[in-house]
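The structure appears below as structure tokens.
Lettered A, B, C and D in written order, each chain numbered from 1.
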Amino acid sequence: MPHPPTQTALADLAGLWRIRVFEETVTRLRVEERIAGSVHLCIGQEAVPVGACAALDLTRDAVFATYRGHGWALACGADPAALFAELLGRETGTNGGRAGSAYLSDPGHGFYGENSIVGAHAPIAVGAALAARYDGSGRVALAVFGDGAMNQGAVHEAMNMASAFDLPVVFLVENNRYSELTPIAAMVRDDDLVSRAAAYGMPGSWVNGNDVGAVRRVVAEAVDACRSGRGPVLVEAHTQRLVGHYIGDAQTYRPRDEVEAARATEPIVVLTSALRAAGAGDAELSAVEARARAEIAAAAVTALAAPPADPATVKEHVHG
Amino acid sequence: MPHPPTQTALADLAGLWRIRVFEETVTRLRVEERIAGSVHLCIGQEAVPVGACAALDLTRDAVFATYRGHGWALACGADPAALFAELLGRETGTNGGRAGSAYLSDPGHGFYGENSIVGAHAPIAVGAALAARYDGSGRVALAVFGDGAMNQGAVHEAMNMASAFDLPVVFLVENNRYSELTPIAAMVRDDDLVSRAAAYGMPGSWVNGNDVGAVRRVVAEAVDACRSGRGPVLVEAHTQRLVGHYIGDAQTYRPRDEVEAARATEPIVVLTSALRAAGAGDAELSAVEARARAEIAAAAVTALAAPPADPATVKEHVHG
Amino acid sequence: MAEITYAQAVNAALRRALSEDPGTLLFGEDVALPGGVHGVTRRLRREFGERVFDTPISESAILGGAVGAAMMGLRPIVEIMWADFAFVAFDQLINQAANVRYVSRGRLTAPMTVRTQQGATPGSCAQHSQSVEALFAHVPGLRVCLPATPQDAYDLLLAAIGCDDPVVVIESRELYHSLKGPVDQDGPRAPIGGARVHRAGSDLSVVTWGPMLHTVLEAARVLESSGVSVEVIDARWIDPFDTDTVVDSVSRTGRLAVVHAANLTGGFGAEVVARVVERGVSLSAPPLRIATEDLRIPAAPALQRAAIPGRDTVAGRLLSMVAPATTA
Amino acid sequence: MAEITYAQAVNAALRRALSEDPGTLLFGEDVALPGGVHGVTRRLRREFGERVFDTPISESAILGGAVGAAMMGLRPIVEIMWADFAFVAFDQLINQAANVRYVSRGRLTAPMTVRTQQGATPGSCAQHSQSVEALFAHVPGLRVCLPATPQDAYDLLLAAIGCDDPVVVIESRELYHSLKGPVDQDGPRAPIGGARVHRAGSDLSVVTWGPMLHTVLEAARVLESSGVSVEVIDARWIDPFDTDTVVDSVSRTGRLAVVHAANLTGGFGAEVVARVVERGVSLSAPPLRIATEDLRIPAAPALQRAAIPGRDTVAGRLLSMVAPATTA
């Protein structure tokens, strides 16, 4: 079977559940209007952050994600209570309420943040990789973005510069086949996006983004290439969101049965079946889910009890 | 022999000489400080505009070039006297002195202008091609830019959008191997730039940019593909400048013998030899050059006699 | 006249433009098949077919595509989904669209309309919250307007589309679905320019634009109950800016305040103040700018409220402007 | 103290920064092996090796690369060859660099310096001629300066590099090789901010910045011969802007003029006027802005002279400001 040994797989499953439950809880808090504004969930895409972060050394590596980044923050090790608090606009949020759902960061855990400008973090990740040339850290930078971001100029410039200078960047495309409400297939001639790596003379790998073990393996190879000085790698992970682009998206642009069909191959289902096939029992599997539910529920309680961001601090930190 | 029949070849030679002599005259006028500011010459690269424009139908096609665009304007059919006048800041200039050497245009001849922002005209050409969808003109848009421009975000976005929408754009790279003072080879992993076409699912062709007949043939094929609805084509023409990036560039960044070696393969030398081999006599060949010299000299005289741009008009045409 | 929302008014103006002129195109991210992320362009694809289409997430290609199509004689209307996103492709506006007419001495033109929207709404992050009209207004060759009512959302957009030069229409995300009003859709297309006096007053002239108009109108009502009469001018167009209307008003009231949601420093409020004082209008109090603090926009609603002037802040500061005079 | 050019002063400041702090990097198009298109960064590659390097023509990658390297604790100095080119990548300044500190509550910072140059010179086209400081100055989180002398080219750049936040240093292309002066290279690094009074005067305060300083100083000499005493203030930093120095001066002279090469409308001159009048400084004449007309910059020298205020225009307009008072 393609999965790693059961202990790792159980840890992976725990990682998937934590994100899934976190996002479900966010949905509830948004619907209850305790969280304000646009929220982009990664339900269905959890295997990408869980697999990729397992392949990184977050004491020195740097992750740059998009607005769809709660799962990435969690996989990096951010405290779920601090993440909830951030979404809720509380003082104890990762960013003290300044960032919100779509722009939060937690550099203490290697999470250099979400970005709400499509593709803008790709060159920033190149800069983090560039710094590794000089600071002796051995850092690898990972920039994750969507299929639609591949058509943004900044991403092109980032890939070329990283390639030309052999910089340690993993460019990871979460290809969920939609850019907001528009299918990527209508916006490119060839939706085999990994083939663009060749334009930069950069290696590219495709991976099933619903298979957490496969993601870990492919990203680990990319990180190895980076760490050993061979320069950047493009990884395309095929996956899907099981929810709308944002909370409230009616998804009228999606074929009715698409999401239903995807439920059979989504990461938690896939990994749970594999673990069952490898001998894991129902009790063991349910316990993983239950622990995640308990942890996340407690985190939400903590966050909800925190004071709101203090308006008196609003002018702080514009400059040093 | 690879060249078209002699009559066409003689016309090509005339086209090359007109540009060459125009640029030499510009050099003189710049050195004499009659022309002010930065001037970018295309000496050595003349076969690309001459060949490409011969493949276009300039009653309906639209050409978008860079600051290195005098040759393109001439090949499109712009009046050399109006071009000189523009460089000299005269009222009779193509743009009445508002544009200068690096940003001039002559839409009456299909020359929609130079652009001094690297790569910025690529999306504009896409817009001109887009318009062809709706206006029934059958227009093909040609965007020509340098090797260095391939690393600019706007060019990437333009190529993708043109490909996705099958728009009639010829993207023509004049690869003279330098971006200002820096070799392209140091700024990309793979300096075989035409291979980037595949990233967009777009056909690409390489051509010897010193061979005017070859350029005409390859661009004609690209125009055909565009005109018949098959969408954009990327053409890479290898060529070289025999002069600096701008007038006054000391070219310390170039190997000493590089320019000398290039003199053996530059377009006028190549075409003259081919014509000789095909039976053309010295008198005939010199007459082509002499006619070009006479025409351009007369144009310069006309331009120098024109009045300077009228300061009283400076506020006109900011808005309609 | 039926009441429609601000978003519906935009939709109606687009429909009219697309119907009346076959050279009109509408394109941008998610504007066609999905009908826009805010539903503003709904049904237009169905009605106008291929003249309405979706694009890749490529703002340079969108804006450059508009410049090129406009140079060829079409009349493209493009959407930049958030004004904040214009900056990935600002070159196409400042160095391209704005130059077309001037540098060609009118041989070429760029009759294109860029629709976008801006403003902070609860939870919106620093990259989705800025009010950036001043950055467009400093670019000669671009026209800029900010409709604040459904009727203006309709009228200003049609005026923009009819203009033979590039126009940036900055709509208000917060008003799209929250503001309804009667909209006359049968009038002739207005030319660009012209402020509107929303409320006459004698003690103080307030100039504002965009959704801040409504905050100012509320503040004016508060001040009315304190016996202070506030004239409220919606600039509507900041290029061309209707200096005369403002100067006339201030000449009568002797006091000028400008209120905007953009950051204070370098905001267009400074331009308004400068134009009025340059004319030597005699003032009974120093002019006042009320604007968002010079900071990045925070996402948390409590922080946003502290950063962006609301009704009470505006009313309080306006009152302090007249207080010395009325107590004197 | 040896006299060196403005360009040499920039070069010297870069050398000192690269020598004193191994975390300093210098990169941009043609800055390393070729030493810069204007020769400003000559020899630095040879002296500092791989910390100085050339980049592709990719402004988003250059600026984004600086943001990322700065977030990791380095101190990148990058060049945007012409200020006009910043707009292909303005997002990296406005939506990225400027947000780093604020949105992370200081957990992350972006101590980066963006060197660029601007201005019209004879023949320079509309895409290579703009003066765009006001566009940067409206972005909270960015610092902006415009050195006008060799000493300031040295001092302000070092202050910028020492600043823990993103700073845009707008140099003057026309001054690079035309202006020489003594430069003290041994002083301590100055902090950011602070205007400089270049000339004391009693009739009129003129605020300016960048190469326009020299035009204003010439105009002031012309006015001196007419018996008018002009105080000339070089703002040097427009963020942070030294309002106090200006207000002090205007309080003494009773007259304010601002002169800049940027287009009038929405230029930073409006901000200066607004700040002074808001303070209620009593004025004996309306404030005056002298700026480039609201147009695209034409290439022809004769047209440029008509568009951009020169010595005589400045002197004439300043004189007309005091004339009514002196003849009264």
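Throughout what follows, a contact is a pair of C-beta atoms (placed from the backbone, for glycine too) under 8 Å apart; a residue touches a chain by one contact, two chains touch by 3 or more.
Note that the coordinates shown come from a computational prediction; the quantities given were computed from them, not determined experimentally.
Greatest Cα centroid separation from chain D: this falls to A.
Separating the CA-averaged centres of chain A and chain B is a span of 46 Å. With centres taken as mean Cα positions, chain C sits 41 Å from chain B. Here the CA centre of chain B is 36 Å from the CA centre of chain D.
Residues of chain A in contact with at least two other chains: 96, 98-99, 103, 115, 117, 120, 151-154, 157, 160-161, 164, 186-188, 318.
Residue numbers of chain C whose C-beta contacts span two or more other chains: 55-56, 58-61, 84-85, 88-89, 91, 95, 99, 102-103, 125-127, 140-141, 294-296, 298. Chain-to-chain contact here is organised exhaustively, every possible pair of chains being in touch. Of all the residues in chain C, the ones that touch chain B in their complex are 22-23, 25, 50-51, 53, 55-56, 58-61, 63-74, 76, 89, 91-92, 95-96, 99, 101-109, 140-141, 143, 163-165.
Listed in rising order, the residues of chain B touching chain D in the complex are 35-39, 67, 89-90, 93, 97-103, 115-120, 148-149, 151-154, 179-182, 186-188, 252-253, 308-315, 318. In the complex of the two chains, the chain A residues touching chain B come out as 151-154, 156-157, 160-161, 163-164, 186-190, 195-196, 198-202, 231. Residues of chain C that touch chain A in their complex: 29-30, 33-34, 37, 54-61, 84-85, 88-89, 121-128, 293-296, 298-303, 305-307. The touching residues of chain A, counted against chain D in their complex, run 62, 64, 95-96, 98-99, 103, 105, 107-108, 112-113, 115, 117, 120-135, 137, 139, 141, 153-154, 157-158, 160-161, 164-165, 316-320.
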